[in-house]
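Structures incoming, each one as structure tokens.
Both complexes below contain chain A, partnered by chain B and then by chain C.
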Partner chain A sequence: MRVDVIRPRCEGHGLCEEVAPAIFSLDADGELIHAFEGQEIPAELEATARAAVTVCPVAALLIERSGQ
Partner chain B sequence: MTATVPTFDIDFFRPEILAEQHAHYATLRELGSVVWMPAHEIYAIPRYDEVREVLGDPETFISGEGVGFNPVINEVTKGTTLASDGALHERRRTVVGAELRPKALTGRREGIVQIANDLVDDVLARPDVDGVRDLALAMPMGVVPDFLGLPQHDRENLMRWADAASDGGGPAGPDTERALGVVGEAIPYVIGLVENRELTPGSLGAGILEAADRGEIEMDECPFFLLDYIGPGLDTTATAIGHFLALFAQHPDQWTALRDEPGMVTSAINETLRFEGPFRGFTRVVARDAEIDGTVVPAGSRVWPLNASANRDDRKWGNGSEFDFRRNPIDHLAFGYGLHGCAGQGLARMEMHALVHALLNRVTRIELTGEPVYRVSSTMNQLASLPLALITD
Partner chain C sequence: MTDLHRIVIVGGSIAAVTAVDSLRSMGYSGELVVLGAETGRPYARPPLSKGLLNGVSDSESCILQVDDSSADFRSGACAVDLDRHDSQVILADGERVPFDGLIVATGARARRIGQPNQNEKVVRTLGDSLSLREVMRTSDSMIIVGAGFLAFEIATAAARAGLTVTIVSRSTPLRAIAGPHLAKLVIDAARQAGVDFVTSAAGVRLVGHERITGVEVDDGTTLTADLVITAAGCLPNVEWLASAFDVSNGLVVDERMRVAPRIVAAGDVASWRGPGRSHPRRTPLWMSAIAQARAASASLLQLDPIPMPAQYAWTEVFGLDVKIAGTIPPRVSPVVIDGSFAERRALVTWTGGESGAAAAVNYHLPIARLKALARQTRETMSV
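Moving on to the complex of A and B:
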């Protein structure tokens, strides 16, 4: 499973960081850092990644199944 | 298909019905995931999963035909951030949203904390406190007009205009007409601000004028950008603060517990927003035949995703009708969800945090000294007054 960030939608509300700090963080400029951008999310972090996708208030995170 | 859709034949906007809103939301949720309301010719969407589905699919469930209940408001708001789709919405959202991003707000935190502390100092010196007038309205009024760079004149009208802008979204009828008349007063005000360039240099409002000077937006759009900020920036946050005070007055043990765990303030604010969100829900038009949980909703019909009902759905929350500040319902829908999710939620959270912390530091108990009074509003769930005693011993 991969998670894509739709950059133009991200406004830096930071809720993904709150629930999934191992995957998402905001840098000093408020830009989203995605530790697994363009990569498979490690299996043990998949549930956390799903939670981050759910809490994004502006729907800027999308789950991409492998092979899509 | 329509024959199988459950029906709830009730005029939802009568005052005695609105007073029992949560019971009626529960009835809607029991009836189904899509419920036809003939009185309003609308499909209500009362459960959590489907509300998210509708708000998360802005290509099927569009805002560009308006998000209210009457044709007048749906026509006059066309093209605003709230009531637009696609590229037009994206352009407006980018202009409106840029200065509201949490990153852009960090420099304002200290000032907002100061405003909250001063406000609580003032309130504690008063014998009779109205939680709505003295805290809920005073907090955003202390922050937002300066943030926007608005002049001193007409500030006493801003909250009335903001409330009217919300009520103007209700069903056609005398109450909505009256509200739309009040909104009409705000139009010459914002046009005057732009024509006379009456916005403080360096403010958000002045930034809108500068964007027009640079040709990024049209000058004649500026008044409407200002309205986009004034309306949603004031009565929403005020409403949420009012409910916070009422809920913690009604749950004194939870206030005591929160004082011991100030790290739970975010959770407490989210739970307040979940339990008593300011807005019931904005409507959408179905752009193409859609299926919601197996029910076909035909193109051209209007749907009413009920955020306030979704936020109490036991399917999602287990015990949605219980208030528990430890719940941290981070995916509540009080700010909406998706492309049209509240652009100002970062500022709203910042104001609420500052005020709650200022109260936590000083106030041991929040006590009701009279009955909370609700304002009758078609679109909002809002207190009109909240007599309180703030105990500091």
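Moving on to the complex of A and C:
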């Protein structure tokens, strides 16, 4: 599973950072940093990543399944 | 972990979707049915009065990403009764849906102030927001009845679309939820954008039927506008539970979101007795719905309790990006940690509330740190 960030949608609420700090963080300018951008999410972090996708109120995170 | 084989979730919004994710990630592998009353896909409500109404985002970006294989999602399935004796949810068409475990997540609806035969407009559903956005294009003026952040979010979108906007409320808006200082900051920003404020302590009467043309205020005068919107809070959808529980004060849950054995609740519908609260209260906020759905899921599966995070809310009004952790005590002055209200960029805290509170206005700060600040405020206070 991969998670894509749709940057124009991101408003920097940081809810994803709160539920999945191992994957997402906001830098000092409020820009989202994605630790696995363009990469597969490690299996043990998939549930956490999914929770971060759900918690985003502006749908800036998109789940891409492998092979799609 | 439990002997539950079939869990039914009544509701189709963020609390229901989070409950599905939570139950599955907590290891529940039994049957899972989600009964949503609305038609269409589950969607997020925060953008309805923010990005969507402003026209900066589209309806597609409000749709929640749901894993269809994780549960049987049924839309247009409106629960009308609960048979506790036989453990069945009864739908409007008479169908009975049996359950071993039940999560009540029926949310809330907009509170209306008019008569049933009046075509009163509110912003609560995706349809409400899309139709308001459309009709704003051909309107010149709007009256908003309300005193909360929703009223100001609608006003922000309307002013941006070029409408003249009047906010009508019983008392000074926002004071009860944001305290006088933060309220003044937001009200001043709205005034600068041309918004008028009218106080009508005795409330208002909506004028018109098929189309609401204005409001009569308490001095007897009638204000008119092309559009009249009610933003007067929300009411819990508990009527369908009336034969099963006493819901005269809402659906009361304990600190772990439990209603009765094998029945839990989460989201806007639930009146929650959290730590520090003298009586149960609903917390109709996005992050509360998510936290409560996780806690309710853990309770239903009889797992260890999940700690409830501090309350968190945000709004975007008249160029002010406001994030609030905790509950702001209305009669306490804030302490400015950094920035200032004058420069419209500030990090502030309050002591003396039930939880401690902190707010960031146009101030970037990770939410975890804002919450920590609110928590420290409370701890300092109790020393």
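Everything below uses one rule, namely that the second predicted complex is superposed on the first by the 68 of 68 C-alpha atoms of A that agree within 3 Å, B and C clash if a C-alpha of one lies under 4 Å from a C-alpha of the other, contacts with A are read in each partner's own complex, and residues count from 1 in each chain.
By definition in this document, a residue touches a chain if its C-beta (ideal position, glycine included) is under 8 Å from a C-beta of that chain, and two chains touch if they have at least 3 such contacts.
The structure presented is a predicted model; accordingly, all values stated were derived computationally and were not measured.
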{"item": "Superposed partners chain B and chain C on chain A - clash or fit", "value": "clash"}
{"item": "Partner chain in contact with A:G14 - chain B first, chain C second, else both or neither", "value": "both"}
{"item": "Partner chain in contact with A:A47 - chain B first, chain C second, else both or neither", "value": "second"}
{"item": "Chain B versus chain C as contact partner of A:P57, first or second or both or neither", "value": "both"}
{"item": "Per-residue touch tally on chain A - higher for chain B or for chain C", "value": "C"}
{"item": "Contacts of A:D29 with chain B and chain C, given as first, second, both or neither", "value": "both"}
{"item": "Footprint overlap on chain A, where chain B in one structure and chain C in the other make contact", "value": "9, 11-15, 18, 26, 29-30, 54-55, 57-59"}
{"item": "Chain A to chain C touching residues, read off their complex", "value": "9, 11-15, 17-18, 21, 25-26, 28-30, 47, 50-51, 53-55, 57-59, 62-63"}
{"item": "Residues of chain B touching chain A in the complex", "value": "56, 90, 94, 97, 100-104, 106, 330-331, 335-339, 341-343, 345-346"}
{"item": "Touch list for chain A against partner chain B, complex", "value": "8-9, 11-15, 18-19, 26, 29-31, 54-55, 57-59"}
{"item": "List of chain C residues in touch with chain A within their complex", "value": "14, 17-18, 21, 25, 44, 46-47, 51, 57, 61-65, 67, 286-287, 290, 309, 314, 316, 323, 364, 366-368"}
